[in-house]
Amino acid sequence: MAIIKPFKLDEVREALGQLGIQGLTVSEVKGFGRQKGQTEIYRGAEYQVNFLPKVKLEIAVRDDLVDRAMEAISAAACTDKIGDGKIFVYGLEHAVRIRTGETGNDAL
Amino acid sequence: MRFANRPLPVAGLSLLFVALALPALAQDMGLPPAETGLPTVAQTTAAAEATVALDAFRNEVSYIFNSFSFLLHGALVMWMGAGFAMLEGGLVRSKNTAMQMLKNITAYSVAGIMFYIVGYNLMYVNVNGGFIGTLAFLFEPGSGPDLATGHSPTSDWFFQMVFVATAASIVSGTLAERLRFWSFMIFTAVLTGLIYPIQGAWQWGHGWLYQAGFSDFAGSTLVHSVGGWAALVGAVLLGARRGKYSLDGRVNPIPGANLPMATLGTFILWLGWFGFNGGSQLALGSAQDAWSISNIYANTNLAAAAGVVAAIIMTQVLYGKVDLTMTLNGALAGLVSITAEPLMPTPLLAIGIGAVGGVLVVLAVPLLDRLRIDDVVGAIPVHLGCGIWGTLAVPLSNPNTTFLTQLLGVASIGAFVVACSIVVWLALKFTVGLRCSEEEENIGLDKSDLGLEAYPEFGHGHKGL
Amino acid sequence: MRFANRPLPVAGLSLLFVALALPALAQDMGLPPAETGLPTVAQTTAAAEATVALDAFRNEVSYIFNSFSFLLHGALVMWMGAGFAMLEGGLVRSKNTAMQMLKNITAYSVAGIMFYIVGYNLMYVNVNGGFIGTLAFLFEPGSGPDLATGHSPTSDWFFQMVFVATAASIVSGTLAERLRFWSFMIFTAVLTGLIYPIQGAWQWGHGWLYQAGFSDFAGSTLVHSVGGWAALVGAVLLGARRGKYSLDGRVNPIPGANLPMATLGTFILWLGWFGFNGGSQLALGSAQDAWSISNIYANTNLAAAAGVVAAIIMTQVLYGKVDLTMTLNGALAGLVSITAEPLMPTPLLAIGIGAVGGVLVVLAVPLLDRLRIDDVVGAIPVHLGCGIWGTLAVPLSNPNTTFLTQLLGVASIGAFVVACSIVVWLALKFTVGLRCSEEEENIGLDKSDLGLEAYPEFGHGHKGL
Amino acid sequence: MRFANRPLPVAGLSLLFVALALPALAQDMGLPPAETGLPTVAQTTAAAEATVALDAFRNEVSYIFNSFSFLLHGALVMWMGAGFAMLEGGLVRSKNTAMQMLKNITAYSVAGIMFYIVGYNLMYVNVNGGFIGTLAFLFEPGSGPDLATGHSPTSDWFFQMVFVATAASIVSGTLAERLRFWSFMIFTAVLTGLIYPIQGAWQWGHGWLYQAGFSDFAGSTLVHSVGGWAALVGAVLLGARRGKYSLDGRVNPIPGANLPMATLGTFILWLGWFGFNGGSQLALGSAQDAWSISNIYANTNLAAAAGVVAAIIMTQVLYGKVDLTMTLNGALAGLVSITAEPLMPTPLLAIGIGAVGGVLVVLAVPLLDRLRIDDVVGAIPVHLGCGIWGTLAVPLSNPNTTFLTQLLGVASIGAFVVACSIVVWLALKFTVGLRCSEEEENIGLDKSDLGLEAYPEFGHGHKGL
Amino acid sequence: MAIIKPFKLDEVREALGQLGIQGLTVSEVKGFGRQKGQTEIYRGAEYQVNFLPKVKLEIAVRDDLVDRAMEAISAAACTDKIGDGKIFVYGLEHAVRIRTGETGNDAL
Amino acid sequence: MAIIKPFKLDEVREALGQLGIQGLTVSEVKGFGRQKGQTEIYRGAEYQVNFLPKVKLEIAVRDDLVDRAMEAISAAACTDKIGDGKIFVYGLEHAVRIRTGETGNDAL
């Protein structure tokens, strides 16, 4: 799972594609972190924008690809500016491809 | 002046005008002026016949123009109902948008029916310098055209009716996102059937205020401030939306869910305002009327434009960035400000009046927040604030008015509407109940009261998100 | 009466009117009445000259007013095209919204071109009490104004043309979310070029139905029920949307994606209806016309308002909560109901007719669902149901009509349109194909047929979510 | 011809017309024709009196009609401001929608104020066949109606003013999503206060181009191509939006966020165009005018309808599916194309002119992309491309024009506007700065410049998603 | 966690309900996989639709139900066409029901 | 990961902030559980609202903070009414801060 800046999505997807990763799931999220939203003024009242739009990628990959995938994401999503996002890795117990019933690595 | 039964004033005016213009025109056109010798009886007869026929036709043309002006301008004002719906629907959160739609279409509908049943008679029939018209049911349109009325009575009814609806729409915006539907509907019925017509009788019905010399051409006070006062009382009694004001005194903005829709609403209102102010000339049957309405259109437009520019500059200077919603309010501020007197000001003065309106509204919105009066769409600054400003600005261009009589009008109508509103809102509070429960407010009135969503597929946005 | 070539009826009417009004007016104005002695030849000549000049001018003014009424009211009806687009676009799911936009702008465009090419001649030229006009291509506007026509023929064409478009729009709403684009476009061409004009010739073209004494002032039957019948036939042949009706008999509501847009559409239609009914007076050139149009505006508005209030009360009573979409349907129900006779009813009767329309629609919507006829926007109850009701209600106020002739009109036009529609829909079904595939329906017509999304950034809502 | 101070041309025309029509009419009505014997002095006097009174009334009626036409048609053109806002707001991404709203309401406001302060005098006062009018501040409406002007001067000002705003709106669409607000506002002020009025003086102010025989009835060149040229220069200087064109030459479509809103905008513009073209008859005071305006309405409508159908067929043939946004552009293409001459073409020719416009736009949009000119809403093909086409098509129906003088007009105005635009855009580039930063473009102008979101609750769509 | 086609949501939910699973959380996602979006043309320019709308289900289930849940989802969501989606299973360490404070299987 | 009622988001965020947790990711979800939506009537037809709007929080925290974070969320999100939501905890294998490349606890 990776949280990245929305406009980096295409680059990340292409970087992953080059590793042969051809499946991923994306969702729109809002992130709260060190990168603070600006203080905005709406109708004369100040307010803090706490949540910034981010994109969350969920990618199930074979164990041996994890490190390279992490590197690829990091490289593609990095702007060296605060708010670039994070990658979290957790273990999968099973995977099933619904269409074929394939499981495990075949399902990815 | 704004009165239904004008005994041929237009025809009179135009006769006067033609009488004055005739010699000049005759010379212009190389026609011989009327001879000075006494005409013979035969000549007199022929001339009289021709004149009678022409006068009759003149009256008929005037009748058509006047009625048509009422109808078309009235249709433009009707269209303002859509403008209010879009403006308010764009400035509330999406969980209350469907309710806002329902309230606006209901307000327009109920206003029309109430004004038909009691309002019109109460406002216009036999006021005679007094405080109230006739409490008679059912406005009756008569059985055919009578040229002596100068216009079709029903066209006048239609035009006055759409004004009533405007006053009701103002209330729905301020009290959005928490006021129950049925309370709103009942309040609207009372406002449009009783409160509005009674104070309207004072001035446009030629009641005491009219005789005192007050002037309000198209309703900065009679329409806009009336809606504004009712809204203000309601806002105080209802309290703010949950989460709008923190205990520590912070104001938490609650952004509107659909700003392009709010912008559309503003454009609709701007368009409708040509009907609102232009139609309030109440006639189109003479060159003088056409000339006046033209100036009204231009002044109305320039005041609104000035309100926009003023709001843009003000928000840029004050906050370092332009605020779109304030700019929309600025347009409406300019429009309300010029409404009390859109005819007499020079275009430059119209720009000034509108610009002051724009400035006022930018200042008044945070002020209200400091008073913890939660006005969802900024209707109080726009309609009440600029309604007062516009009314007081009338003497700048209209020499027949004084600042003091203008103030008298503002104050007396304000006092009346505030008093009535308190009674009605409180009565509703202790019967039907004004405010939805906290949980309903969390869920939104659309789901809790209407059982549907305005945009079921577009995300169910949380304000914090 | 609704006919293009009226040889100066307005001028005639107004002459009559002035003749009656003259003596009274003359006295009003302190002018001496015409002498009783026989006028000399010289006097007669002078008077005749003056009268001729005045009459010519009277005709010219009438010509301008009549044409202008056609144009402005026609423009308002054109605007109803936007209303249908917004209403229907708001009541479909977001995955079919762009298609709904395309269908509506296409319907309006195709209707205009077809009515120009064949429709107008088929409807208005040489019907002579028969069943059909002239199948001649291309309406020709003539080479300059001829006062004897009473109005510009092109202004009349324009006004009649926008009516055709209305009928087409009705169809697109009912059959939304499953009917293919090209089938819709071809059906629209046939409907507006042939079906509509032929039945229109029967009545407004002064065909057999007109001579039988049928009356339909602005088209409850000729426009609205025509669209409604075509839609009904289409709905039966197309079948319901996937998932609308469960096998176990349950009805699964499919909420519209954008209710404020649907509300905007309703307001637009309401505004446009002043043009629809008001312009159907077909003249503005006399005080009588102005007086009549004023009553039409007021009645139209009150009927719609009553439809709104009736729908609100009905849904509150039946379901325990107000239904916004039914309320919008209620407004349109009131409007359609009053359309057959917006002039003669008293305002109170107009309220009654509109209210019954509002009640009808609230009852008819679930009834259709029970019949498993899937009408996405409620167009059949509104335009067909209330179109019939409004037509049958004409005798309530118009003594020149009888219930039986009204029924004859409803039934004959209904039978004709149903028969034609079956033929055309079936022909399309077995050639171009009416309905999109199941997968296309799942994805939505926007993506499958147009390759785009109406709101690509707003979430791709699943109805269940 | 399009000029403010027309010394009674309408009255003249109508007099002429009535003079011609009189005998025929008199016979129609069974009235005796004027006697041939010499009238006595007494008769002459009486007749003269009657004639003078009738003529004065005739002039007054004409004055009212003309002014009312300016006002109502002007209000329709004002409404086009909303149309542009909706169209553009629907075709940009949601992160730039609020900015697009702000720019459009600002353009309309600034245009009105600038045209009041300098524009009108520069365009219409004392051009005398030259290149420029009078640089005098503040248009003054005069102190009362003067029938000799034929219409209220302010009504004329109002009508001309709304045209200026149209030109400004075109620019905002092309340069959307990257042009800074304040640069846009300043450019708008210069465009509407100086550039537009100066070239306008050449033709509608009766300057040199008018005398050279150029013809542009309602502004295909004077309004639409002016906006189009300014937009084209701006687009070249600004560069494309980030990501629109890949380095490898691919074009990456950036879908608009709200297509129903864009459709609404198109309908609004279509409606407004009846005012745009119809009002450009500049008079309604005679049967001839009413007849002409009727033809204009019909031609305008048919051209737009043909543009729609042409775009549908073209995209179906070229791409295998109908493109909704191209269809909307097609409607506007038809409208712009017919604007240079909406009166003279037969309806069939109007359909042809509009259809060619629709085809042009479908071809020009990808062409511009190949030139890497990023025109967000297709304004250059529509307003510039079809503006030129429409102007060059005038000789097809108007025998008083030649292809060469039309070309002269297109080229001279084009050269002037391009030159001025380059200067102003470059001056802004090196002072205020034209383009937002890359990061601001990523975030969107709404958040970066206005600090808010247009649709804060509807998902923050990524174009890729 | 399962990624499925949006219009299969109701069927899947019912299938799970029949297993006695009465809690799940759904979100709209966009999926990138073997199922390619069509090539579309917008205003005359071709483009590839890469991301297709999918629905993501997150379901916490007792260990003993995992297999049957996977089967139920697979059966209900399968159309035998490409893009039917996947099921990913991962281990949960804790679960808490906020209202009652119940934990573990009781919280599901 | 926690599923909570949308209007409780601000309170939960503040509660977490007081623990020093300054990063989290939020998404809009729809929840299906014991809290049943009401039966609604739309155009005369009854229907069951099955899915209710919820907010999903994803928070990666150091192991030693997990319990306190769970308590904080529970406390802040609790209304004692049905539908308050759930907290699910699962193990993370890696975490990377894209901007700096920091990993593990430093990345949170």
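Order of writing sets the labels: A, B, C, D, E and F. Residues in every chain begin at 1.
FYI, a residue touches a chain if its C-beta (ideal position, glycine included) is under 8 Å from a C-beta of that chain, and two chains touch if they have at least 3 such contacts.
Keep in mind it's a predicted model, so treat the numbers as computed, not measured.
*Asks:* Shared touching chains for subunit E and subunit F?
*Replies:* For subunit E paired with subunit F, the chains in contact with each are A, C, in label order.
*Asks:* Count the C-beta pairs in contact for A-D and for C-F, then report the pair with the higher count.
*Replies:* More contacting C-beta pairs are found at C-F.
*Asks:* Looking at where subunit A touches subunit E, is over half of the residue numbers used by both copies, so same, or under half, so different?
*Replies:* On the two sides of the subunit E and subunit A interface, the residue numbers are mostly different, under half being shared.
*Asks:* If you average the Cα atoms of subunit C and of subunit D to get two centres, how far apart are those centres in Å?
*Replies:* 30
*Asks:* Whole-Å distance, subunit D centre to subunit E centre, using C-alpha means?
*Replies:* Using C-alpha averages as centres, the distance is 53 Å.
*Asks:* Where in subunit F do residues touch at least two different other chains?
*Replies:* Each of 13, 26-28, 30, 41-42, 50-51, 90-91 in subunit F touches at least two other chains.
*Asks:* I need the residues of subunit D touching at least two other chains; which ones are they?
*Replies:* Within subunit D, residues 42, 46, 50-51, 54, 57, 61, 72, 255, 258, 264, 321, 323, 325, 451-452, 455, 458-462, 464-465 contact more than one other chain.
*Asks:* Write out all the pairs of touching chains, ordered by chain label.
*Replies:* All chain pairs meeting the touch criterion are A-B, A-D, A-E, A-F, B-C, B-D, B-F, C-D, C-E, C-F, D-E, E-F.
*Asks:* Give every residue of subunit E touching subunit A within the complex, in rising order.
*Replies:* Per the stated touch rule, the residues are 2-4, 27-34, 50-51, 54, 56, 66, 70, 73-74, 77-91.
*Asks:* Any idea which subunit E residues touch subunit C in the complex?
*Replies:* Result: residues 6-7, 9-10, 13, 26, 28, 38, 40-42, 53, 55 of subunit E touch subunit C.
*Asks:* Under the definition above, what is the set of subunit C residues touching subunit F in their complex?
*Replies:* Going by the criterion above, the answer is residues 251-253, 255, 318-321, 323, 325-326, 362, 365-366, 369, 378, 464-465.
*Asks:* Give every residue of subunit D touching subunit A within the complex, in rising order.
*Replies:* Its residues touching subunit A are 442, 451-452, 459-462, 464-465.
*Asks:* Which of the residues in subunit E come into contact with subunit F in the complex?
*Replies:* 13, 22-27, 58, 60, 90-99, 101, 107
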